[in-house]
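Below: one structure, written as structure tokens.
Naming follows writing order (A, B, C, D and E), and every chain is counted from residue 1.
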């Protein structure tokens, strides 16, 4: 295991290379390809952060879309142009957030989105993380529906189901990859500290971890809250990228998409989530012209689904994942070698 | 010698079934006690109760004078009592080193921010953990397995890793649940030597559940025998071996059928 | 403030929706009980069933009774195929793989339908003798409403009878409780699981017909949310419990309808929120569900 | 009736049973004794086909069944009453019993056998509609036995039938086991409680740490000295 | 010598022949939700656009150049929409964009096109605040016009005053048209008894039906105005009638879909809705359009949106001609000059500064399963566009 200072330098070097790459991309690629690159970055942030909860801590949460929604709406409300607030019937900021003549800069607004997502994770996590296995998954899915419902009904803040458009388009390739770098760095640091080790221990065997002194709730919550922060960030970036958000965007489908990316790439690995996000999006945009040419709409999703089933059948641990000791349902004399 | 672990009138009911009834224990500091009994006598349940994995229906558990009856397992571990498991509960998909590093948890002090920023103090602590792990690996002659995935180790080594892991936790009292299960006689003998060595080197207090009699009799200074959830005998190995009640518990009452 | 007839009418609406959820939950709970699989593909069977009846009854003109028998058989076959093609191979793998595969199946079926049938909704005419209107001073209803309630209760009754009285049914419950011992008893576990899939899928496909006949429009994506809600019903009722699945279905159906009926109209937007709110509440207060057996945690 | 030759069973890489050979003659009660973890249960599971042997051969009525599926072994007349009884707690007593006859056909015969089982265990008949999970330990053991009998076995494998039962109940249980043998069923049982098992059996094997240590007629083992050594060391 | 002559002739011929085709085509991007809830209106609109492009190319193209449509399905997905707009402008270098029959999607796509300085024309998104917010041009009337037309028809022609309004809160368009309708109804002396809310993805409307029936039985309601999109209108009509509701039902241009009669069946009888034009009209331009459409796609135009898609391309072509260039910067100048353009969906003129054409509204009633025009209304009262969010 790489540990400490030297690995950090590699990280910095990687970051510089990444930014060099981003610069070259802005110089030589057209906006459509840049668009896809940014989208890959945003989905990677979401997938990498989900990996902390689902991959390392072993909690199969389906709540990521909810945190993305919270981040998206929060940052949007903070950065929305003063001039358009009235036209869109959105409120001015209250005094403690800067007052009616103030609009937040992009970076702190995104952070704030992440923070509020974390707060939500803390509130919902305390009861929901007590649940085990599929119950946790279903309850977190319920949380997504409830957040979507709130986004629909808190019309004064969210304009309800109609959503908010004309969001300033601050998200670009630099911001996205800066945040991706931060996300990967933070999660890498956590994984390589006692905090991450405690999470992995819980994933592997909760009782064993407990008798070694790990308090499950604390570290489950920590993974949930940190994961939620970066999900909120991804949501904020997404909002300032598509420039329009609606409650419906942050529903089952978004959650499932991210989960699928993670599992396809490989849970609990550093590269897995990014590989998953990049490969699925590449597939999608590479197939797009084919779909349009053949005029078979839905073809992408069908290929997507078949691919998913094939990967699950033949490499259930994901593209870059390693086989793990998992509990098995044994049928018929298979438990003995 | 001072009593480090004291259990008074411990009961545990599962539904209508009484698994442990009126169990007691006074474990002196620095001793190794054995806990034996036929299948289903409640030995593991006793360990589960002491380590906090299960909550008793009645009774009191004192560790270093602190009432830990209602503590969570992690709190008990933080006070210095940990255990191993009969059915091996390693962290199967992690490396040997990771298994051990995790166990240092209760002693690690560095904060979240320090970890994120990788501060010198964090770095120093990680190094300390590394040294501690090295020492234990050496002691267990497992240095070569450092990077191996735990579940890929040969079974005997997995057993040893389980004990090694508990030692990284630096407990004062260690409960070993069938440490030699699944080992052959030779391996078991080696393990006994190792346990004795650990006992001396770390000045540990231990309690061992075992079914391999020579193993436990050679190791423990006193043995408790459990049957139907209660203590039916307590004494030195020699006393236990010749105790009629114990023989009956194990072999059955001679004239029951015949 | 509300009249009796209003109350009765809304309750009936809730019961009908409840019947649909309960029928779907039935199949899901059996599969979940044995395999711990949230079978998202179950929702796809609603869609497939509805379109199957559409084509053989409305287009090919096969008579209704025969169509319904055929759709049951067709649904069962689909379930069987799913199990044999993919799920069986994955048994023993990580649970997540099974879950994701079922999601993959759902996505596949939905988009396949979209491609083959069209992304447009299809109108689904209620057969004339199921569309007869009855107006009384208390209730307005159609024969299809009666048909849904009667056929659902009948299916639930038969299903219960099957599970309680037949050799296969008892084997199914035994497998759900302890797969290994069931295997010891000489039960061909794989066959039991395949049967569970087949039965659940047959009922789901039939529910697709009820759905179409009741609401009059079917679409390639009709199954997803319904399927998810049916699983919510399973959890609310208590996983693995057959009576629980039915109770859960009715609780959800009634909650959905009555909340709209008796809350001020602006609360209509909370419809799905209420369903999932109930779910979270039940999970927190009574994790084993309304009718479920507490699951033992082994140490 | 049953012949096990050089049986070795491993869990992953760990051998649980090594080179065990034993024979059970028709109409006998044979006991396998040994302390916790000696490999008794593993041996039974291998005979039943739930575990696959790493090496060795199992033949039953002269036929090699080493690679036969458990359900086919059930059809051939082998039944296992598992350790801890393996009762389906959520099913009724009668349903549990009927599951024992799962692999058989012919409703009338099964109903007749059900009556016989009820005759053997009148208490089960009283409680046939009761949920099995609510039975007492002794009753559950009766139910497990009865369920095993419902498959009309010629060879009945019993795994620690006396586990967790009070002495009086154990005595009752063994009386029943003898009666079952009188009906022509061959029995291979695993017990930790040696005295009890020796009192009821025709022949006994003693396992220690996965290998055979002793075997002989109960009279020969009766002194218990060797057995005691295996159990308690010495 | 002769050889050279023949060769020269061939070269000349080829260069003339290619002069039409070898010319760079004028590319127009078409973004539509061909899959998803809006498919039943976006698909005919796309077909209409294809037909218009084909006709234009047969007649020699625009400015001597053929028109090439680049059609992208954006699947009712925000990310896909942004991606498609960027791709069409950046990669395909389209001169203008045409798209969507629903406001929400125009709200996302058009501002982006505006950033690039590319004109966006929507065939069927009717929110009158679209130009103000996004800079897009409408080929259709505004929602305030169609809402006012129905209010006028209900109160003045039928004498119905007490209305219930059903709003699909998930769709901007429905929220807007219902707000305009409430305003217009009050203007004409009517009264909004209550508003009820639903969402696009509902299938079961039984609880709302029972509530309406309760009001109806107490005699408190004369009619219901439903702001449903195509995939819901038939479903709602059917469930209303089968639930015992007998009061008249009114709708907007989302009802202009075959699904209304297919799904609604007998329940759709007597439903009255406002739309852009009636395909039943016997005018030659409509009949020609219907024939050409059928020849190309094997089916009659499904609804008015086919005509709107057709008109959007024709208007755009006309604008390019008027501007004399397909330079995206020049196209708005051409559009602004369009006056009295005879489209299939009616006469299109952009009055000074307005990007919403002044068109009359067709009020249609379902009679015997057919859409029959009962009236053409040029509303005398126009609700203020600002009333809607």
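Just so it is clear, contacts are C-beta pairs under 8 Å (C-beta built on N, C-alpha and C of every residue); 3 or more make two chains touch, one makes a residue touch a chain.
All of these numbers come straight from a predicted model, not from anything done at the bench.
*Asks:* Can you tell me which chain pair comes out on top for contact count?
*Replies:* A-C
*Asks:* Using C-alpha centroids, which chain lies at the maximum separation from chain D?
*Replies:* Farthest from chain D by mean C-alpha position: E.
*Asks:* Starting from the mean Cα coordinates of chain A and chain D, work out the distance between those two points in Å.
*Replies:* 54
*Asks:* How many angstrom lie between the centres of chain D and chain E, each centre taken as the mean Cα position?
*Replies:* The separation of the two C-alpha centroids amounts to 78 Å.
*Asks:* Distance from the CA centroid of chain C to that of chain E, rounded to the nearest Å?
*Replies:* 38
*Asks:* How many Å are there between the centre of chain B and the centre of chain D, using C-alpha atoms for each centre?
*Replies:* Spacing between the chain centres: roughly 33 Å.
*Asks:* Touching at least two other chains at once: which residues of chain A meet that condition?
*Replies:* 152, 160-161, 207, 297-298, 324, 332, 334
*Asks:* At least two partner chains per residue is the criterion; list those residues in chain D.
*Replies:* 11-13, 50, 70
*Asks:* Give me the residue numbers in chain C that touch at least two other chains, ranges are fine.
*Replies:* Those would be 114, 119, 180, 183, 266, 269, 299.
*Asks:* Could you please specify the touching residues of chain B with respect to chain A in the complex?
*Replies:* 51-53, 72-78, 82-83, 85, 89-94, 97-98, 101-106, 108, 110, 112, 115-118, 122-123, 126-127, 130, 151, 165-166, 169
*Asks:* Mind pulling up the chain D residues that touch chain B in the complex?
*Replies:* It comes out as residues 11-16, 35-37, 136-137, 160, 162-164, 167, 170-171, 174, 192-200, 209-210, 224, 227-228, 231-234.
*Asks:* What residues of chain A sit close enough to touch chain C in their complex?
*Replies:* 60, 127-128, 130-131, 133-135, 137-139, 141-143, 145-146, 148-150, 152-153, 160-161, 207, 252, 256, 259-260, 263, 267, 296-299, 301-302, 304-306, 308-309, 312-313, 316-317, 324, 326, 328-332, 334
*Asks:* Quick check: in the complex, which residue numbers of chain C touch chain D?
*Replies:* 167, 170-171, 173-174, 177-178, 180-188, 293
*Asks:* Can you check the complex and tell me which residues of chain A touch chain B?
*Replies:* These residues of chain A touch chain B: 1, 3-5, 8, 186, 189-190, 193-195, 197-198, 200-201, 204-205, 207-216, 222, 322, 324-325.
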